[in-house]
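Got a structure for you, written out below as structure tokens; questions coming shortly.
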Amino acid sequence: MTPITLEAMAAQVPDGALVALPPDYSLPSSALARALVRRGARGLRLLGVPILGYSADLLIGAGCVAEVETSAVTLGEAGFAPRFTAAVRAGTLRLRDATCPAIHTMLQAAEKGVPFMPLRGLIGSDILARRPDWKVAPNPFAPPGAEDPIVLLPALQPDIAIFHAAMADAEGNVWVGRRREIATAAHAARRALVTVERVVAGNLLADERLAPGVISALYVEAVAVAERGAWPCGLLDAYAPDGAHVAEYARLARTEEGFREYCARYVLAGAPAAAAA
Amino acid sequence: MSAAAIRPEERLAVAIARLVLDPEAPPARHVAIGAASPIPAAACFLVRALGHPLRVSLQQRRTANPFSEGSRELFDLAGQGRIDLFFLGGGQIDGQANINLIGTGEWPGREARFPGSFGSALMYFLTPRTILFREEHSPRVLVPRVDLVSAPGVSPPGVYRRGTAQALVTGRCVFRFHPGRARFSLLSLHPGETVESVRAATGFDFDIPAHVPPTPEPTEQELALLRGPVREAMLEPYPEFCARVFDRKSAA
Amino acid sequence: MTPITLEAMAAQVPDGALVALPPDYSLPSSALARALVRRGARGLRLLGVPILGYSADLLIGAGCVAEVETSAVTLGEAGFAPRFTAAVRAGTLRLRDATCPAIHTMLQAAEKGVPFMPLRGLIGSDILARRPDWKVAPNPFAPPGAEDPIVLLPALQPDIAIFHAAMADAEGNVWVGRRREIATAAHAARRALVTVERVVAGNLLADERLAPGVISALYVEAVAVAERGAWPCGLLDAYAPDGAHVAEYARLARTEEGFREYCARYVLAGAPAAAAA
Amino acid sequence: MSAAAIRPEERLAVAIARLVLDPEAPPARHVAIGAASPIPAAACFLVRALGHPLRVSLQQRRTANPFSEGSRELFDLAGQGRIDLFFLGGGQIDGQANINLIGTGEWPGREARFPGSFGSALMYFLTPRTILFREEHSPRVLVPRVDLVSAPGVSPPGVYRRGTAQALVTGRCVFRFHPGRARFSLLSLHPGETVESVRAATGFDFDIPAHVPPTPEPTEQELALLRGPVREAMLEPYPEFCARVFDRKSAA
């Protein structure tokens, strides 16, 4: 699989696509999020696996997003996600509130090709009350006489899963290590677009040590090299999150004007110098 | 080491540790702690330092993360019954122990939007014990009725549920939760607080026993452990907290 | 976690326990199976994850097994499992026929703590017809008017998962590499008993390269060191299956007498010399 | 290289390769092959060697196994619609393409017990195309009605099913399967076989067109590829087969 450029990858994400994104602690492709802002993507529907962070806030602030389904949007230690918060209050974002295990479950149902899976909890919450697409049914395995209502969640197949992997090999296999929820998202999605730190020779699946952390090329539509592509988020043990930068983002993005200033400095100019530091 | 030197965070950690060790509560062998919960984490490390066997799994820890199945493993563990104790907070918490991590005003938070419910809508049901923790104790947070329910404090009979809140720890006091009557009662008052000051700061109604003791002061042993091995254990996962509370920065 | 001996581990498997075992290609603890024969275990209920091989045939031949739930029992290139086949024909074994994905699904339901999960296929098979514990129900997410029957499988929680890992660390974490179905079995089971090739220093979960292949000590009740403990099966890239030995077993085990001869030579005498070759 | 030198396994591999490439069948981009299926594997490697893009995933391969989620990944892939073609055999196969991997006589196989159904009860439903393959062509294997059904050949309307058998390849002939009428028809005869010899060896009834052609002989190109790159690709996963059919042993 020949790597493509970041901009070519951004062009493969059609407006309106349902895009699965990992949270800041789990291999986000901040680089591709910035490229999507540059390409002027519109109407994206973001799915947090299971929550969202910097990339989502950036895309929301830049007007790329019509809908968000997630269990939370947060910048972690830097606090609330300002553009998300502003958009919700302004009512410009369609929101589907979820809870983390429900998103994992809906993706696992799609991964297995079953139409639904059950999940405990949720009954009595306003999350469930706001999800007409979720059902409550009696547990068919409950003892006779017991009602035992349980939530049934439909399979959820993203159009595209986007994430940043530590490496790809020549076949297009990518290594995400222990972040198996990303593998589930890639399995569940129609296709995966993956940015990577680097491309290595050989076949990662042929190495028993590395294979358990691999997502097979079977699921990977395209690979683009983006060094420090998770930045300002961290990448496993390769680099730590740049907390100061996220805090700077959080500060600037408090206002529309500050957000535009941030984008001009760090997004629209292409790969920022700080990313290579 | 004088009592005056005790920081509020230390006092809260000790109060939580005592709840963890409450012999009347279901046993806690394994506790999971979210990324944003340094005080509960310090409390659990203190329990360990006191010699009690307690497995402490810190979520979202960047290095030496205890999970290898990604972020769903925490919820699967809870489903398996392998998590005995969890901590939850809330943008709003009400007198029936309902928690709201969604927002205020009309859904989805047209007045103020919080980040979202995370895993609370499962964890609160499947964990035998939940300790609610919120430092801010004000009528803004502790409300008569949450605007939106991320996870309910109690569930009707027939709804599968393994546990409820054990207690609510705030910057002013400790409440015990009584699931049978879905009400809190005042368990102890932190220094400087009175029944009246707590009542004034609390939006919900709660039970007040005839005698409300002060929250027990940390012992010399507890303080020494907090400032020794607990601080060391906290340094990697919670560097900001250690710098602030223990005046200690990571060498890294 | 201090390793215990093989014989002490065998003593931790009570008669009548529901024991999950992997197939020959997926980290079977042949060493513990032999120790169970030596201890004279009785009434075991074996669960194939998702099929069974040498270990199960050995335990069946030695009279340790009352019931088998599996998608197949096979010795691979060495052919049918002779003691299993004989026991089925003699009617001395309770059998629950399954299909591989059904076993994965039932274990995943237990792993997630949900009472059931759906699975496609199966309708019209004699597998389903012989499983009164499985149900067929209309897919609640089918379009209005469509019936869409789907099989619902109950969660299955083994008492014990037994397998052989490449290594354990000082904490009791064990490394099984890409054999994630074994991890699912360990998560689903009440407890896991694990034999390992060796114990290494440190914490496997602290190594981002190894962590994806780890089963956390959370699930592990005990560890015993058994060098070449999978033999005559193989262990990932560490050692190949000993096909000649399995063929010898298949030949001898064709008769009750030959099976006794095999046990005398390779099982009852303790760890065989060939295992260290 | 003369036709006399063609081994039966080579002929079968070529016959299967032609079925894989059948332009009337749904496209095959990804085929999964079980551990015990060297001839179907050779057929698929031949399709690749002929220049057609086809991903071939060999299950249970000890080294360079294509899966990283353990043995459930195959079934999940099928569920996702990412496996286009699969091969199944059977201790018994009947005229409605039902397969029996369980046993004969009363359940669970009191006459003869086979190993079991493996994943057939899912794969046969979820794979758009299944090629049935069994070298032994006798009334013992090809029966009027299987004693026990591991997976049915067809399903009633309303039962979720993505595909059925495309064909049945045996040591004597190739049958095409017609799911609409749930019957096989004779597609071609291997050398030395006649309609009558096949009828005599087949326990089930099947349709016989007016003209039944011989199974096409492997071309020189196909034989050269089989004995060259295909043999090389087969060496690691199927050493026994290569030693037997290609007189070639692995150096390892």
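Note that the chains are named A, B, C and D in the order they appear, and that numbering of residues resets to 1 at the start of each chain.
Going forward, a contact is a pair of C-beta atoms (placed from the backbone, for glycine too) under 8 Å apart; a residue touches a chain by one contact, two chains touch by 3 or more.
Quick caveat, the model's predicted, so the values are computed rather than measured.
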Given chain A and chain D, the chains that contact each of them: C
Selected interface, C-D versus B-C, where C-beta contact pairs are more numerous: C-D
Centre-to-centre distance between chain C and chain A (centres being mean Cα positions), rounded to whole Å: 36
Chain B and chain D, separation of their C-alpha mean positions in angstrom: 59
Distance from the mean Cα position of chain C to that of chain B, given in whole angstrom: 40
Where chain C and chain D are represented by their mean Cα positions, the distance between them in whole Å: 29
Sites on chain D at which at least two other chains make contact: 63, 65, 67-69, 75, 79, 126
Shared interface positions of chain A, touching two or more other chains: 108, 112-114, 119-120, 139, 148, 150, 178, 180, 183, 211-213, 236-237
Pairs of chains satisfying the touch condition: A-B, A-C, A-D, B-C, C-D
Contacting residues of chain A [partner chain B, same complex]: 23, 25-26, 50-51, 70-74, 76-77, 80-81, 84-85, 88-89, 91, 95, 97-102, 104, 108, 119-128, 130, 139, 146-150, 178-184, 234, 236-237, 240-241
Parts of chain B lying in touch with chain C, wherever the complex brings them together: 30, 55, 57, 63-69, 75-82, 126
Chain C-facing residues of chain D, complex: 35-36, 60, 62-63, 65, 67-72, 75, 79, 101-103, 107-126, 148-152, 155-156, 158-160, 240
Contact footprint of chain D on chain A as seen in their complex: 110-114, 183, 187-188, 203, 205-206, 211-216, 218-219
Chain C-facing residues of chain A, complex: 105, 108, 112-120, 135, 137, 139-142, 148, 150, 152, 154, 177-178, 180, 208-213, 236-237
